[in-house]
């Protein structure tokens, strides 16, 4: 950490900052410049997080230099990690397609969606049993019954599945059935939930919050990792922007940046980013080309009848285009297709 | 709802949309224009929320006309509501100052903060027992012990208190001790938590999410209201912006807009918006002048030693300036000071 | 400037950075920390702006510490400045209302608007002769004829006027007629225009760009100041946000922040921020209470017939409310009303 | 246009709106719903742009349905356009790489950069002679001398060039030398400049403004088109976002959206979006995969010595990676390389 003193800071102010740092268990190194004095601070994460030097007399600014996350930082891992979901890898050497219905509605619709997903090249199924909905008047998902449907479809198709968990009280149920637990955008900083899913030992997909910086996102991952669980996959799904014609702003820069900052795999969800079908394939292609370790998309056998987000679900021709992209683009970037492998 | 058809939409497409609306229990009214056809849809909230017309052939766009929230809408209340917290009103006729430490650290610090709060004119105490922290390495609050400290300080000072609840599992404990439950920014769309606090019958303070639109915020309030609890106070505390020198963007327009859209009281939290002490009083003044029903600020007897957000806590001179603003501005706008009153 | 080296930076890299700094005419001070080395750089503005150290081997990050603007910085002025417009002061001791029609349409409408402005307490007239319009199909203003109308209305009412200039080719004409030149939001970084208005010697109102940081805004002011013209008034008029129900996000924090960072006067334009009449008075009040040196609003005798932005123009009752706020709020904050004074 | 009346609107209000529409030369169609009345408006662009119905009594909201741009709209062109720059096509069938130094510094540096550009597969040279700089203390470009250097390098290499014009007074000079005129981000709504470049008859590259919506961007293009010039290429170069570790937010969704909304070619500039070299190739790949008609990048023979934006300039290995992407990706999407062709 660097503490920048105001031009008007007195020697007393500087001595006060040094004493404050040492009282909190850190070490302070003073560099006196021509117009300003800068104080470098060295100490453990706990020291830096609770230092609170901003309010001290004479302090103009404080700047973190080291990242405030450790377990998920690229700095502490020589190579990028691979996470296995029911035997299917998500990581730097492979490319993984995850597909399925936004919401589990019926066994038939879920099974039909899983077949569509497979046809497009998916090796992991997605599907929502607990649905976070902005409106209390909207369909909220089938809950435990939905989990059972997903488990049956896994049985029938061989596809492991990922599904969202919304509340700490449901973590046990979801962990019992699912191969991977998803923490959604709205819960990225629901710290109790992060700790609970971290404690299950199951792989976790952590979606980015709608207004989360990269650092906040990785700090959320750190909460999971602190529970001893490093099987975390990050998922970029669009952030809040000002453009009215698209639902969210797909931040494709997050793909290379997460690979610079962290060792965790990073995938993209173009369906939720775009909110409209005609953008899903172009954005999926963009994510793959930027280096994503996987893509997750909504598919539906009959989008017009979907209870949730039908407007963004792929089907028919658009699904074939996706399959085409998934077959050709990752290979160009040196990746193999992520089929099931012996662990 | 208005469904705008594409210029290329056929008669078949239009008939398909009408059939779709009717199959979902709504009524459709077709207006054929020169270059476009527009279909008006009338139906219940459940119909409109699950209609999913965006994906139908020939549909160019769909636009909501009525607000998707009902219980908290201004349209359904002739006058703005007053919420009482331990007997203290928050509403259109009064002005209420809520103050206290960001986090409960010790009984002494909390008591000293409460005295500061009183001196500034506060009639409700704030204080965090459960703290949501971006970093897992930061101080997370005293939990249940913190609640007990707050209850003791209430006893000693006569100030009812509001405190944040982070997890559904803690709702019962917090509701047992606190006069008002706060749902924080990071949990604005934690729907299970919203329903749980709605079920306690205690007043709820709902902070705005970092990237929440006004509609999303009011939809979150609707989740609480649906549990039969209309004692909800909205709190603007800054949204994510692009300016690096301030922590959050204080959206003062939210004050008059919430009063146009909803009957619920609206207060502002300039401390968390600004993240720096020298902005707190100017932003508090701005909020009051814009018509806020109250202000909530952090105070601390010794901000330099604060474990959480010391840089934004008021003390000494800045607190006196706030007291001055609280005494003079609301009266100018026709409000009385919100002291304890017989219910 | 502080250059932060990567943990992996070699001694060679560090020596390379030092050599680079010195070759560009700066001085470098190396501080070796436990995990990182930090290099402080001292030098003139020209050195710092052209250093380009980001791309050097071993460099992780570079951070500016001193502000990159000088002439407009608060650091170099012991007290805040007052700018005089046709004799009317805008500055720290007074409060100035500027009002008038968004666009000059006819002599009659402009004169009627000026009378409304006076009635509300305005001492400077605003009015657009050259209008920047997003659509080429919209009314673009009367140009030179509009300037002449404004000059006649000044004659008739005694109000000096401010008007926007859009193009360097019109600067001479506008400077000949107007008492103050306005550089609009869309032109905040039109550097040729900034230099041209700086060269006229007339006071300049510099509106904030729609996505401008405080630093970028002050750098734009620095362009004007470099031409020897420090008679600059900053104007906050709303920035781009994500909320669909308001046109722009009124950033009231800009008022105290500009007073911390700069010695220039700062006013607010709630009409363009809100884009809707029912928000103008609350936002004007908020701006005044936050400490603004003035307010600029649109008024129109017949808003429904206005050619530009009629929806935001004040008239009748809303204008009286504004007059009330202008009369009472500034006095509470220690300001006097800014009438014409002998220069 | 659709005018939505408030629930409380009277018959008088409705009649007033109809009369207002007709007085402005439009036609009004009234649809009375259960809770609301909706009025459809048909009329020319000039009617719709100057209608100003927002402020009328009883009006709750107005919504545009048809796009306010015409000449550049996809609705009025059956196929996407190809723009030729010195004989080199930019359009739907080809893929075009544009590369060169951010700023022209010397003949040698420009020539060396052009050779690097060619090696990477570029068929158009970019280079800045007039540089828009946030700081008045930064290098502002060589001006006319820079144009002459670019013309000489074109002579020597056969590459046509694009260069930015900042001021209407320089348009003639730039148009005399350059093959394509660039209007930069900061000038996207400098309407005088748009009209001036539109009048030259030369192809124009229109960069997106930092906070411009898609509609505002296309309206800016409409200003150029209105002067009879449809040889416009749109360029996405990143918008303002909240993430501190990247300079701008690269909005890759703009690529497919511009192809849905407009017939104009769309390219991407990942160098200015990212502001850091390690992101340029991933973002270039993302842009190509999303369907961009071309990519524009900064290259420099010696980035560490660059006077402008050296940190983002490609060289050596990163340039080879780009060349690899440019060779393989567009072919996969059915595009041929855009070499010079007989016009």
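The letters A, B, C and D name the chains in turn, as written, and every chain counts its residues from 1.
The rule is short, and it goes like this: contacts are C-beta pairs under 8 Å (C-beta built on N, C-alpha and C of every residue); 3 or more make two chains touch, one makes a residue touch a chain.
The UniProt protein names, listed by chain, are A, B, C, D = 3-deoxy-7-phosphoheptulonate synthase.
Because the structure is predicted, anything quoted here is derived from the model rather than measured.
Engineer: Keeping to the contact definition above, tell me which chains border both chain B and chain D.
Structural biologist: The shared contacts of chain B and chain D, listed by label, come to A, C.
Engineer: Which chain's C-alpha centroid is most distant from that of chain C?
Structural biologist: That would be chain A.
Engineer: Taking each chain's centre as the mean position of its Cα atoms, how many Å separate chain A from chain D?
Structural biologist: Between these chains, centre-to-centre, one finds 31 Å.
Engineer: Please tell me the distance, in whole Å, between the geometric centres of chain A and chain C computed from their C-alpha atoms.
Structural biologist: 39
Engineer: How many angstrom lie between the centres of chain C and chain D, each centre taken as the mean Cα position?
Structural biologist: 26
Engineer: Got the chain B residues that touch at least 2 other chains?
Structural biologist: Those would be 211, 239-242, 244.
Engineer: Where on chain C is chain A touching in the complex?
Structural biologist: Residue positions touching the partner: 2, 4, 7, 29, 31, 33-36, 38, 40, 42, 61, 63, 65-66, 75, 240-242, 244.
Engineer: Quick check: in the complex, which residue numbers of chain C touch chain B?
Structural biologist: The contact residues of chain C facing chain B are 211, 213-215, 239, 241-246, 249-253, 255-257, 260-261, 273-274, 278-279, 282-283, 285-291, 325, 328-329, 332.
Engineer: Quick one: in the complex, what on chain D touches chain C?
Structural biologist: 20, 45-46, 49-50, 52, 54-56, 68-69, 132-139, 166-169, 186-187, 189-193, 209-211, 216, 219-220, 222-223, 226, 239-240, 276-277, 303-311, 313
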